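Think of it as A, B, C and D in the order they're written, each chain with its own count starting at 1.
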Amino acid sequence: MNKIKVGVNGYGVIGKRVADAVESQDDMELAGVCDVSADWRIRVAVEKGFPVFAFDDASDQRMADAGVGTSGTLAVMLDGSDIVVDCTPKKIAAQNIEQYRSRNLKFIVQGGEKHETTGHSFSAENNYGTALGRDSTRVVSCNTTSIVRTLTALKSAGLLAKARGTLLRRATDPWESHLGGIMNTLVPEKEIPSHQGPDAQTVDPELDVITAAVKVPETLSHLHYWNVQLTRTSTSEEVLEAFASSTRTAFIKYSDGLPANNTVKELMLSLGRPYGDMYEVAIWEDMVKVVGDELFYAYLVDNQAIVIPETIDAIRALTGIEESAERSIEKTNKTLGIKTRFLG
Amino acid sequence: MNKIKVGVNGYGVIGKRVADAVESQDDMELAGVCDVSADWRIRVAVEKGFPVFAFDDASDQRMADAGVGTSGTLAVMLDGSDIVVDCTPKKIAAQNIEQYRSRNLKFIVQGGEKHETTGHSFSAENNYGTALGRDSTRVVSCNTTSIVRTLTALKSAGLLAKARGTLLRRATDPWESHLGGIMNTLVPEKEIPSHQGPDAQTVDPELDVITAAVKVPETLSHLHYWNVQLTRTSTSEEVLEAFASSTRTAFIKYSDGLPANNTVKELMLSLGRPYGDMYEVAIWEDMVKVVGDELFYAYLVDNQAIVIPETIDAIRALTGIEESAERSIEKTNKTLGIKTRFLG
Amino acid sequence: MNKIKVGVNGYGVIGKRVADAVESQDDMELAGVCDVSADWRIRVAVEKGFPVFAFDDASDQRMADAGVGTSGTLAVMLDGSDIVVDCTPKKIAAQNIEQYRSRNLKFIVQGGEKHETTGHSFSAENNYGTALGRDSTRVVSCNTTSIVRTLTALKSAGLLAKARGTLLRRATDPWESHLGGIMNTLVPEKEIPSHQGPDAQTVDPELDVITAAVKVPETLSHLHYWNVQLTRTSTSEEVLEAFASSTRTAFIKYSDGLPANNTVKELMLSLGRPYGDMYEVAIWEDMVKVVGDELFYAYLVDNQAIVIPETIDAIRALTGIEESAERSIEKTNKTLGIKTRFLG
Amino acid sequence: MNKIKVGVNGYGVIGKRVADAVESQDDMELAGVCDVSADWRIRVAVEKGFPVFAFDDASDQRMADAGVGTSGTLAVMLDGSDIVVDCTPKKIAAQNIEQYRSRNLKFIVQGGEKHETTGHSFSAENNYGTALGRDSTRVVSCNTTSIVRTLTALKSAGLLAKARGTLLRRATDPWESHLGGIMNTLVPEKEIPSHQGPDAQTVDPELDVITAAVKVPETLSHLHYWNVQLTRTSTSEEVLEAFASSTRTAFIKYSDGLPANNTVKELMLSLGRPYGDMYEVAIWEDMVKVVGDELFYAYLVDNQAIVIPETIDAIRALTGIEESAERSIEKTNKTLGIKTRFLG
């Protein structure tokens, strides 16, 4: 079988991870990575031996000046790609789309873009099938991905009536925390409901979900607290079983010495995960609480990593190289080392 | 009328504020402050001209060595007091109580102690009357005080069915943030429901309230997010009117340039509040949202200041110098400069 | 004697403090404060009863829309002023100067501006006399002010050969730490020497001083570490005596329970200082160390407050209402409560 | 050749890295790791297939209860070891030493212990030779290691007269930042000189070095600022050449987009380093400044990683399996991927 040639446009937080993930799939090959940066970031791509492309002539010149050799500009990369994953910063992808469309090139955008840019929003365990053979899709954002995964699990078990969440958002990513973060403060998002609830509904309109969000002064991961109205009286055992039906939701235990997101990060690093990435939604198993027909739980979302497996699955769905959601997910999980239990 | 002589045992975060607040009441006088510290903290009390007492002989010696003159030890202060407010660290007050009881001295403990230590838990707008003439009471904690104030307002308006809250707790106080805080992490409390819900019920058993709590890396104030099931479909206007029935709940506006707790702190400092203290629960007026029969809102709790007016009222209730909750609250509000609108 | 009418252009971190300080001088009166903001900040000025002016017609309209009544625009305020203190953001003052000059209005700019904008840089204890009767001066920045104060003291005692400093700079001010700070990182300034050394030389060209600076993730104050080559072998006692010759350098003691800048901030709040402001350079007395002919010490700089007394003195110098540096400084110190020992 | 059997006592921040590093040497094998913990930390060792030992019978029981199978207690591990690296927490190693000595087992302690515990302090590029065949040595601490490496390079080039440093210390390690850090504050060490200067002299008594240290609220790495009196007028080129003589000092460039320690951490993660570890002292090449006969520079110290290569070299020196410092260092550098330039 011919491998699918994947171009990655934008070599930032998401793009560099997508490139690595593509490299580890036996049914894909990396056509190249494309960026505007001429600093240490793109030089790491050179170090890794990736074909490097410049976003435009100006970038190409800057890279040349910085001693970064390229294989050409974006157009050249697109010529050699069967599909492109756009990982450029929020709102930029919308401007690139015309170029993809005019080449009849399949493409994936990330969650910073609007649903309307592709007309389809993707979350593998929920709606892989509806993306099969499409020209394009949007992998929903980190927060939304975590919401869809967990609520889909509750819904599939017939337990979900409505879900209300409070989302503590990391203020900025670790590598750019010198550029602008928040210090010794908390910054609520003005609008309640925040956008993540409606965003989850672009994947699954049946989800009754309302969220409020607040920025907190840390860089490691998001932390969600949920209060769910169940369809009936239940137990924590039944809820845990429901969550376990997702292959991308892993349990952690407070009593294992994992009471905070910094220790969970260290666990990921200790397990040898690249960047200490956690692709799974990490639910505190021993914090899950059912009171009558109400459910309470909290989980962590690694905002840099969680959408990577979704993106790999989206590549398979759009290109049709794998018709079965289950098989694609299993393959992705295996190659990325995704687990439902991190230890033992 | 003779002024009530108030002794303050423990001159820390709460004690120093209680002492200042007592000083500003025309029906009270400060019998003295008592502490174990011999450092800058107690020397500020000397600077203010307060009668200073040492907790015990050992403390007295240490203070003497540090050049801090005292008026004797705790026993002497208690001899000169009509009532004592115990502001010693969590769990210590429980050990002091026997001494108060053996003198037939009325006393108030703070929210770190258990309800059982006094058998009565106090929040002025909710249950002032039940504390009248009692020997002792417990002023509930900062978080609980904010919960009781806001939910009492909703309950009084006939709107409250049940309330579910997510509490973001400041990790430590600003002055002791060099001794131990949390850095670049989030630390959930393991138990859901957290203790604040049941604690609110020690004041008002009718409140249907469940909370989850998480420590966040900042020092300024707590931030609560609430999802309330109303008794019926309502509007944000109706809810705001209900909140306005509390004289210790003030509205702030995101659109006034107050989108975060650090700016609210600066507003308090700008208004000349001592320590930048905010005695009020500050509700973001323009974030209050009603969706059908569900209510969403967020507010700030100044954990160092919010219980101060409650403590002043509790002094009046126990000693019986004011039988009317309304009049005591009004007097306290006036002397401390408590407002329902901070500007204009 | 007629009071000097002082206009304050820019009601931000510095402007609001200058306005308060002017109000407390018996030889000055506040002509008004002027700003572009229409939010809570300017409304605090209204609350204080200050005459409020809008920077321009657009600002005036925005203030009107926000319900903030003004007494006119900047031009009107300048008409009623004998001198204007420009406290607008960095680099903006340079654009306002022409307006001041065309009115023959004396003016003061802050340390964010270049020395060339006025041709004179001011630090009261060093060069008050050279500013007498000038049209304008620049009060040097917070860091530079602290450097000039402390090194002038060492120089006056004949002890200073050369000084090398490492400056830990607070990343942002507390009230704006939601807008952009740094998180879990340290950001060196690229250039060594950093600009503060040469800046100190604009006040006193004889100072041999080189600095390096680094931004640290906190908001409270700057912290300077110094290594000084003395002119000869000395002792810590002699050095402390030299520092004590400055009336704006106060000693703090680590052993008094003041081991960090957050506790020093709390001490200021406890002493009732507005905003918890510290006008003094706070030198840790028990950290001062002399090794042979080398001196090591560390101090704190309250970047929001330290230039306020300098500005008040500069007003007196330019307007000539007080010819003696010593008397102006003494008057300012008294009105602002400036001390060489905070306790006892 | 028989491989040296290395036991690692203490599987924490240092111990787990030493174990990994030992595993990657072809002249060593891991006899096992020993700890008291029964939580996720030791379970990672199980996951890696390391022989796991319990510190004592009580630990063994706790591990058994937690489902962690061990190969016995410390004594068993020591029986199977040719040398033991003690990585237990500060001051604990001193208590273990008698046990090592009574077995005539060679041992290494870490920098938290005193020089006197072994009578020899080790830093590979400075004094490998003096450790050859000894029974024991102490690998000096992270800060001291960086000081000895950089000053040895200047000394070897005949440039070093005296060095004065300001050390910004990360407040706590990332994984334990939920247990106790500092928030929005700076905490100077009371004593100047701080202990690192004298500590460097335990390795090389000829170094004229004085340091001051301050804790800063971040977790990533230490940052040192230096002011060095050179033996003569020099240039930055000459200084850079001197630093380049160390194989464990790498240059980074501010102008490569690396202006802060968080970006340098991300670079390490991007290069696939385990834990994002940086074994090298990272000197900002474009910040090095020479003014006459004075030198100024700043560098980063990864406090979790920098002593790992030193420990590997110390194993070779004590056991005598490699007599040449140069060859041991080269071998260690190669296996750990240590570089003098990170990119290109």
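What to note about this one:
Just so it is clear, a residue touches a chain if its C-beta (ideal position, glycine included) is under 8 Å from a C-beta of that chain, and two chains touch if they have at least 3 such contacts.
These numbers come from a predicted model, not from an experiment.
With centres defined by CA atoms alone, the chain at the far end from chain D is B. The greater number of contacting C-beta pairs, out of the two interfaces B-D and A-D, is seen for A-D. Averaging Cα coordinates per chain places chain A and chain B 43 Å apart. Separating the centre of chain A from that of chain D, both taken as means of CA atoms, is a distance of 36 Å.
Chain B and chain D have Cα centroids separated by 48 Å.
Contact of a single residue of chain D with at least two other chains is seen at positions 174, 177-178, 182-185, 187, 217-219, 259-260, 262. By the touch criterion given at the top, residues 16, 37, 39-41, 43-44, 46-47, 67, 174-178, 183-184, 256-260, 262-263, 265-267, 269-272, 274-276, 343-344 of chain B touch chain C in their complex.
Interface residues of chain A facing chain B in the complex, by the touch rule stated above, are 164, 166, 168, 182, 184-188, 190-193, 210, 212, 214, 216-220, 223, 225, 227, 254, 259-262, 284, 286-287, 289, 291, 294, 296-298. Chain B contributes residues 171-172, 174, 177-185, 187, 217-219 to its touches with chain D in the complex.
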